[in-house]
């Protein structure tokens, strides 16, 4: 593990009006990786970025940059640059002047500035746009100028606040690739804010899931998708079937009145839990062979899969993704592997969760 | 609906004809007549050749410039600091309130403050400078005119500053700018429209503050406004008064042309269309 | 921390400068001595003098009469003017009308006064109450137009269609949809016109005659004769009056503002519900 480039330790942020936007945030950011802050609107993502960039001060806790505490370092002296939520390009300057802004402040030689700006514009695929006015650019182009303006200063960390949210679907997907590729080429640390879970899953090395001013879970996209820590994360990331259940013993869980073998352990006997089953982990078979039997309610073609909603005898709804449509009988059976069942404890802290997983995955 | 709309607009059009176009035409016409109501270019010839009039015009411009410059110097920081306060609406109201006090009353206050035995002279005596002739001087005219115009300069600048997107200031700091650099490279250029509006609101009236020149400047300061008033109300030479009026109108157009921001205008139009 | 200090000191200084002359006037209005130099003792005498000065009271009444009448007329004419300008299809006509509208806004008072004087004498209109009233209406109209126009432009055409769709006649559309919507603009227009009229000196100075005067003109001629503490008393009264107006305006604005916000919030919740 490389030495962290940024660390947030026990950060709490209370705004002047008394509203606590962040409470006890701990984050470790390693150099050269792509991080996402994922959470619903108002969860505090922008506030975290503003703290790192230095636009606002933490109420308590420490912010470290390469091991040095930078709580009191003004924004203009921090080696991070930001791509703002609505780009914040200077309307009175043209594209070149916008990108050159930081270099001009550093009083670089004219020739160097020119070369670096043009290189940066080439990098974001806007060569030839240097003399355009900002008002003459499309949203996607403005977004690239904002990125060029930030990376031309060669920051160690680039903060991006929902840079793609204003773009249409197609452009958004193109930009996701471009950004990811850019990050890998420049080897700059990216901290990318989004409320779009697909975007976060597709782009990141690591995701922090934020809600209500707290970090609920952090980890690789696969970890978070496969092992969500609680109801909120399971629901927010991907689609899922979440059911109340009871842990009868290690590796044995009961839900919808039946007992199943599972891969989770380390809980109290008969502890009430929640069980997650992802729709794509459910396989359709005949009613006789299924571990569960449901009645098909609706079936929709989604392009690459069929989305089936079934209802079991207790009235629970089941969401199933299947490559083939259900034909014939309305009663179908569902099967799944023990490791497809993911058990979540109520109110478990991330540290305890990680420790428990580690312990039981070893044996 | 169309018909009735036309009907209700009649008074407005009468107003435009009678009180906007006619007066402009009449003042131009009047400037081309002499006291015997004969057509003549004499007034313009007099204006162009007389050093008194030229001197007076330059003088007037110079004072208007000074008033505008001093007002701007005082108002910009005030507007800027104001935009950083809490309860801005209230403070703004306190800036506006003095503009609602009759201008003559404010001038009258200064007659008291600046008179030979007035409070300012008492203070000067107290600190050992001794009483000075303050009233009826260029400086007192400048002081009072500036005092009166300050709120009219603060308001448009303040409006421009609060319209500024705060993310731009963060962006500038993010890119390494100090407070001063942020001000010079981002805040000031983006609020220049407010400055221009303020200059318009102050410069043009400053050319014609005849009551102040009379009450405060003694008759030492003669502006275009004073001359017009004199020709119309005292010497009854309306032709010459109108000529100076036309000159004033021309100056006004020049100022407007200089301070109207084409590029900004175009942007605003674009914005409107987008919305 | 130091910077905050400097800015507050600066602002406090500006506010002090703005208010010193005003409070200076008010302070000496209670002075027993007859001048604005030495405060010798407290008295209400100048107020008594003011309120028993018949001439002054007539002038005050005249001034208010002119202000109310002129702002009323200007509001009506200006509101229809704004509706008319907004209703123009061609952008060119619109901006031409707006330019004409703004001529009096940007002209120096002396020019307005002098040219109106020429106009009245050309039309054979005698100088006095009538000429002053006409002038005040004339210079107040453009400000009303400028304050009403944005509200009219904000008016969503779909709103008018909706009203007609629901069976409203033209008149009903006008009185029940358009007018209520632009009312805040009309109010501020009236208000501004009122204060413009109260405040005017230069135009009135040119076009008045026959012994008719307004407060500003009266103060001017008295101030030219020197100090009279009756004027101080008058300014104290006027200051109080302005204060009331400002506070009133503030609350009217706040009220319409909060109402608008409420409406907006309402609209928002509807959107999210649907």
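First chain written, first letter: the chains are A, B and C, and each begins at residue 1.
The rule is simple: a contact is a pair of C-beta atoms (placed from the backbone, for glycine too) under 8 Å apart; a residue touches a chain by one contact, two chains touch by 3 or more.
Here the structure is a predicted model, which means the values were calculated and not measured.
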Label of the chain whose CA centroid is most distant from the centroid of subunit C: A
Chain pair bearing the highest count of C-beta contacts: B-C
Between subunit B and subunit A, distance of the C-alpha-averaged centres to the nearest whole Å: 56
Whole-Å gap separating subunit B and subunit C, where each centre is the average of the chain's CA atoms: 18
In the complex, subunit B residues that touch subunit C: 1, 4-5, 8-9, 11-12, 15-16, 18-24, 26-27, 30, 74, 77-78, 81-82, 84-85, 89, 91, 93-98, 100-113, 115, 117-119, 122, 147, 150-151, 200, 204-205, 207-208, 210-211, 214-215, 224-225, 228-229, 232-233, 238, 241-242, 245, 248-249, 252, 256
For the subunit B and subunit A complex, residues of the former touching the latter: 165, 167-168, 170-178, 181, 185-186, 189-190, 267, 270
Parts of subunit C lying in touch with subunit B, wherever the complex brings them together: 7-8, 10-11, 14-15, 17-22, 24-25, 28, 35-37, 76-78, 80-81, 83-84, 87, 97, 100-101, 103-104, 106-112, 114-119, 122, 137-138, 141, 170, 195, 198-199, 201-202, 205-206, 215-216, 219-220, 223-224, 226-227, 231, 234-235, 238-239, 242-243, 245-246, 250
Residues of subunit A defined as touching subunit B within the complex: 53-55, 74-77, 80-82, 84-86, 88-92, 101-102, 105-106, 135, 149-150, 153
